[in-house]
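Order of writing sets the chain letters: A, B and C. Residues in each chain are counted from 1.
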């Protein structure tokens, strides 16, 4: 095995590690921005694998698409998510598994330790206990203890924090099936890995791949895959039309939208009392009841189902 | 190991050229400095809320992008880091790492100005990539290859600037957009305190200065390769012609840029999508017609 | 796909042969595949050099850190160019098709030109639609 082969093996190992670690980081980190960056890193690893197979045009296409695409995707995540930087979740280290804590490292705000911010929430005593339990119980009991810690921590925090914070909470942290989901994911991963590794024979090719990638791809696009080429153009056109249609302001919104835009300031019409039955002295308390119902109706709409 | 020596020599040469570019830019540009000159090297601000992984990674990624891009610039008949078959495409892809570095540092700094710089830098990426690609496609079509040495060789009869003036003009504008020089300065504007450069100090500031000056050099060098015939020239040796053409193109770009008013991000995006991209599409069709009629290198 | 379970069973019966090194390739260093790989070897080396230099500078730079106070800015933000960003993604895919076409165009003549004419017409229709529908505007 020459130095060249050793270099190839090292490069393969490195690219494969980056691809897998990037995917793991994307799934476990608390920061949306880092999630996009980890996905980008994972695809950079895949691009390295493409280059190792001498498909350098494909590898560089991956890099180009995914840098641009992931940056735009991060922008849209910032548009829709409440806590795109992960600062709020990173301040609650007791709620995260060790993997998540590792990939969310470095997100703490202010110069203090992670624990400083967490102490400010009164319900964190439970979370810290769960943290200690995690370290004691080891890997098997970890999920279970954390599950308990999370229930306590979650319910305490819902009492201590304002209503709006529950909207920011990452729902995957408090769902009760988290442990089952984690083990299911591991089982599927092991199953897929076994399917790949336990193949009886790997097909080997003696022909070397064509190093002139651009000419080969160009000839194929103009020849065999012409319909795919034009079809892709058509799909891109559909994408543009869809994007513009979805994003533009509606000219004829529905009633609720129109009222919101117009901003109705005139009072709703008075309910005319029945001329036959004279207005009873109970009518004023009825009005107060109506306003109370109206006021009480608001806070439940802020609370998410636990 | 020949490859390691070549890589080290390339890195050293590019660092010296980036320093020369920064020095020349300071001489040429009066008034509002470009982004590379606005970085203060002393003092090292310690941002309290920074993302401790992403914020330091920004300038490193930008420097990696700059040095990777320098691998495919031909400085002479045999003087090139590596003559990749897809050299020009590799160049475009790798310079996106500079944008990625600015984005990482912008978001990672976690100050309102820096995060605003992050949004502006992605807007600039959205604006420059497609017009730049259209400008390059013309030269690629005439040279029938993505390799930079073959593009230079295809200009041994006539430089592409003569055959594709529209493409050259498009490259000037989108190249300026890529370098964050006037009039496309918004990510580093004084209105947001210089963006990421306003809070950089110490070693990140040095790396930013190298990366941003080097980016200007690379864009000018690729313009010289694509439109001005690279290292081809009558009496002087190849590398000298290459440097002369690169710095002449850089002076032209900076000079023309300063004639225009600084554009806001909205105006830049509108300019890119309403003017530059239709012009780019027209340019591709024009060059196609030229080739069909037999004009251009054989 | 149907023979997958069969292969799996056969694998268990005949033992596991997982990876086969193709040793013959390394004896023949002058083929084009190795050239392509060693071409990107310099790119990998340049990455290592750049990262190493940066870390060296970071480690050796002695500067007095000045604490700065700034409010945190990671929040939901409605940026003003969503339509531009989506159209950029579409055109990024289009540039992917344009680069290989540009390389082979001169050898293929009028038919390739007409194909690209159709492609560009589709994209121009997209931009025209976005323009007319006020999509190309800052929000």
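Here, a contact is a pair of C-beta atoms (placed from the backbone, for glycine too) under 8 Å apart; a residue touches a chain by one contact, two chains touch by 3 or more.
Keep in mind that what you see is a predicted model, and the values were worked out from it rather than measured.
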Practice prompt. Could you quickly compare A-C and A-B and let me know which has more C-beta contacts?
Written response: A-C
Fill in: Innermost chain by mean C-alpha position
C
Worksheet item: What is the distance in Å between the mean C-alpha positions of subunit A and subunit C?
Response: 22
Worksheet item: Distance from the CA centroid of subunit A to that of subunit B, rounded to the nearest Å?
Response: 33
Response to the item:
The positions of subunit C in contact with two or more other chains are 36, 38-41, 67, 72, 74, 77, 79, 85, 87-88, 91-92, 94, 99, 102-105, 123, 127, 130
Item to complete: Two or more other chains in contact with one residue: find those residues in subunit A.
Response: 33, 56-57, 64, 68, 72, 75, 85, 87, 109, 111, 211, 214
Worksheet item: Out of subunit B, which residues touch more than one other chain, so two or more?
Response: 48-49, 84-85, 89, 107, 110, 119, 122, 125-126, 129, 145-146
Worksheet item: subunit A touches which residues of subunit B in the complex?
Response: 48-49, 51-54, 84-86, 89-90, 92-93, 96-97, 99-100, 103-104, 107, 110, 119, 122, 125-126, 129, 145-146
Response to the item:
subunit A partner, complex, touching residues on subunit C are 4, 7-8, 10-12, 14, 16-23, 26, 29, 31-41, 44, 67, 72, 74-79, 82-83, 85-94, 96-97, 99-105, 108, 111-112, 115, 118-119, 122-123, 125-127, 129-130, 133-135
Worksheet, complete the sentence: subunit C contacts subunit B in the complex at 36, 38-43, 45-47, 49-51, 53-55, 57-58, 61, 63-74, 77, 79-81, 84-85, 87-88, 91-92, 94-95, 98-99, 102-107, 109-110, 113, 116-117, 120, 123-124, 127, 130-131, 136-138
Discussion item. Touching residues of subunit B toward subunit C in the complex: what are they?
Written reply: 3-4, 6-8, 10-11, 42-49, 56, 59-60, 63-64, 66-68, 70-71, 81-85, 89, 107, 110-112, 114-115, 119, 122-123, 125-127, 129-130, 133-134, 137, 140-142, 144-146, 199, 201-203, 206-207, 265-266, 269-270, 273-274, 277-278, 281, 284-285, 288-289, 291-292
Worksheet item: If you look only at subunit A, which of its residues touch subunit B in the complex?
Response: 31, 33-34, 37, 40, 56-57, 60, 63-64, 67-68, 71-72, 75, 85, 87, 105-107, 109-111, 211-214
